[in-house]
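Same chain, two partners: chain A is paired with chain B first, then with chain C.
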Partner chain A sequence: MAMFAQAYQWINLKYLLEGLWVTVEVSVISIILSFLIGAVLGLTRYVKIKYLSAIVGFIVDIIRNLPLLLIIFFTYFGLPNVIGIRFNPLWATIIAMTVFESAMLAEIIRSGIVAVDTGQMEAARSNGLTYWQAMYHIILPQAIKKMIPPIVSQFISLVKDTSLATIIVLPELMYHAQVIYGQNTNYMIPMFVALAVLYFIVCYLLSLLSRYLDHRLSESPEEA
Partner chain B sequence: MIDIFTKYGNVLWSGFGYTLLSSFYALVGSLVIGTLFALFEISPIKTLRVIGKIYVEIFRNIPLLVIAMIFYIVVPQYFVKIDGFTAGTIGLTIYTSAFIAETVRAGIESVATGQMEAARANGMTYIQAMRYIILPQAIKIVIPPLGNQFINLVKNSSVLAFLAGFDLMYQGNIVASTTFKTTDTYFAVGLLYLIITLPMSYLMRYLEKKWSVEGDEA
Partner chain C sequence: MSMIEFHNVEKYYGKFHALKDINFTVEQGEVVTIIGPSGSGKSTLLRCINGLETISSGQLLVDNFDLADKKTDMNRMRKNVGMVFQHFNLYANKTVMQNITLGPTAVLKQSKSQSENEARDLLKLVGLESKANSYPDQLSGGQQQRIAIARSLAMKPKALLFDEPTSALDPEMIGDVLNVMKTVAEQGMTMVVVTHEMGFAQEVGDRIVFMDDGRILEDRKDVKQFFEKPQDTRAQTFLSKVIKHI
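What follows is the complex of A and B.
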């Protein structure tokens, strides 16, 4: 137990929390960017614009099926050779996460819209709504309900996956923990306990949010 | 990129083999453990339900890298020596089993109990009802998400690169750092991952569509 008390001295805890802050920062920026881009890509794929939707679909499928770690490596080590700009670890991580998560979210959003019965669209159109009116007032509100649980689990994955950026020396939670137990191997177990607890708290709060939203939306009357 | 394949093809293919092997072991392992915890979660015994719930919530909310690193550096330090490949595969198995537990639980719960009662009322034995009514439906519900879990496993097995696990990502990094052709190498590595994941992903999408249409007709 002395091991824990020593490992959790204030200077170490402060260092861990600084790492947690970077983790949260990267997560929040990537969540916002990838949600916006993912929504645009998912819609583009759904509405079937000639050629464009097929191309977007193909690129989304390629990115979704690659490991995020590979995309992080590529953004940090490979991309500078192509475009001549080197990003710092923070932006390399944000860019890599955004590219990967946008593709994942695009697929969730597309299949969420598909899951809303096509009869709904036909009914809306025959009642005189335009395509985009029907989309906005009828299809999307229903689709969003179906999408919320998978979207939030994707965000939880995103938060967990920021730990991979430790390999390009992003000073996030995982990296800071490694620095601490690198100085004293006795701190190893306390640090892993701390990592597990801190990641769990962040992710569990997100899953509570998902449950809350799910509950709120299912209370509102069914438009169907 | 062709250059990379001709010169370092055997290194990358060996990594490809380890990636497949690790994913396969982890799939089998997590299927067994995941199903066990799924059964815990729907068990009539409260203690088992609580254990199942705790297991799933813990391992779904902690990064795979943290779990894998525990097996890679904590376990050898205090318990038994294990290599990076084994540590990574154990980490993958535990992490994935939590997701599989949720998938299997949802699959079993979605086949309504009314189906069993109806089958029994029509004169089938319990085994016949299971064999002809319940299992065919449960499998169709569970196979596409399990296929997707396998795709995730292949992608997630790249954490072995952190643990000197000789997988595709690890070998790719070695090739990238020896040749300095990082862009070409990562393209080659990506291509090899896609050989496994892309066809799987299209197959699962096809099965999902096909079986959900059949389900609607029934």
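What follows is the complex of A and C.
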């Protein structure tokens, strides 16, 4: 137990929390960007604009089937050779995560819309609504309700996957933990425990948010 | 004046020939029932009328809108032609009141208060005044279908299309829905009803159309005589099978 007490001395905890801050920073920026881009891509794929939807679908499918680590490597090590711009680890990670997660979210958003019963659109059109009026009043509110659980799961994966950036020396939570137990291997187990607790807290907060949104939407579908 | 006119209409789904040489006219105020075995093209014909399906060739005029013409504004035509579906298709995210008032407010640009007043009258008509604030999944099938009829009527349409409106209902609910449809018919609404309810066809219908294999095989105004003595042999076989189980 003395080992734990020593490992958790304030200077180490402070260092871990600094790493956590970078993890949260990368996660929040990537979540916001990928949600916006994913929504546009998913909708573009759904509404079937000639050529454009097919191209978007093709790109989304490619990205979804690549390992995230490869995309991180490419943005950090590859881009300088291709376009001559070197991003720092923070922005390389944010860009890679955003590219990958946008593709994942695009597919979640598209399938959420597809999952709404086709009879809803037919009824709305027969009712005299235009396509976009039907989307706005009827289809999207129902689709969003279906999408929330898979979207939040995706965000939880995103938070956990930021730890991959440790490989390009992004000073995030996982990397800082490694630095600490790199100095004293006795700290390894305490650090693993601390990592588990910290990742769990962040991710659990996200799933609570999902439950809250789900609950609110089922209470008053109108606000969807 | 004719409300709906089919002239030599053909409809293909890929290679499948769904509607064959349809010539068919519905006058204003007429109540036409369409019967026939499953897969005979009844629903396809109905869905062509409000543009949920497009015709492959021929001419189709609905309320003087030419549906074969790409320039025709389908939304304007649909304001005047309502549709009631087999599976009701009430908006799942809206209350009964919102289901009825969405069309009038969003499409006809009526005020919310006027739309709600009219909706209350319609709810009275279908006998469901107490359900204004319920969501569709809190209602029985029969209640949902009566709300769906009210939703269509709220647009003050010139014609209403019914696609097997009672086929998905429990037997004890069918009567309530048919009664509402009868009331609407008596108020002079032009109606095209695809149905398996032979009683309704006889009692309320001004005209009966029998379809099989994508063709209209009989189209008669003497509805009672049709049921006693259909001319087409396939209509005879169909009726003998249906009537046996009534």
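As a working rule, the second predicted complex is superposed on the first by the 220 of 224 C-alpha atoms of A that agree within 3 Å, B and C clash if a C-alpha of one lies under 4 Å from a C-alpha of the other, contacts with A are read in each partner's own complex, and residues count from 1 in each chain.
As a convention for this text, a residue touches a chain if its C-beta (ideal position, glycine included) is under 8 Å from a C-beta of that chain, and two chains touch if they have at least 3 such contacts.
Given the structure is predicted, the values throughout are model-derived calculations rather than measurements.
Trainee: Touch test for A:59: chain B only (first), chain C only (second), both, or neither?
Mentor: neither
Trainee: So, A:213: does it touch chain B (first), chain C (second), both, or neither?
Mentor: In the superposition, A:213 contacts neither chain B nor chain C.
Trainee: Pick one for A:33: touches chain B only (first), chain C only (second), both, or neither.
Mentor: neither
Trainee: In the overlay, answer first, second, both or neither for which of chain B and chain C A:185 touches.
Mentor: First partner only.
Trainee: Of chain B and chain C, which one contacts the greater number of residues in chain A?
Mentor: The partner making contact with more of chain A's residues is B.
Trainee: Please work out whether A:24 is in contact with chain B alone, chain C alone, both, or neither, and reply first, second, both or neither.
Mentor: Neither partner.
Trainee: Between chain B (first) and chain C (second), which, if any, makes contact with A:47: first, second, both or neither?
Mentor: The answer is neither, since A:47 touches no partner chain.
Trainee: Provide the residue numbers of chain B that touch chain A in the complex, in ascending order.
Mentor: 57-58, 60-66, 69-70, 73-74, 77-78, 151, 154-159, 161-162, 169, 172-173, 176, 182-183, 185-187, 189-190, 193-194, 197-198, 201-202
Trainee: What residues of chain A sit close enough to touch chain C in their complex?
Mentor: Where chain A meets chain C, its residues are 117, 119-120, 122-130, 133, 137-138, 141-142, 145, 221-222, 224.
Trainee: Which residues of chain C touch chain A in the complex?
Mentor: By the definition above, chain C touches chain A via 50-52, 74-75, 78-79, 81-83, 85, 87, 89-95, 98, 102-103, 106-108, 135, 148, 151-152, 155.
Trainee: Going by the contact rule set out above, which residues of chain A touch chain B in the complex?
Mentor: Going by the criterion above, the answer is residues 61-62, 64-70, 73-74, 77-79, 81-82, 156, 160-161, 163-164, 166-167, 174, 185, 188-189, 192, 195-196, 199-200, 203-204, 207.
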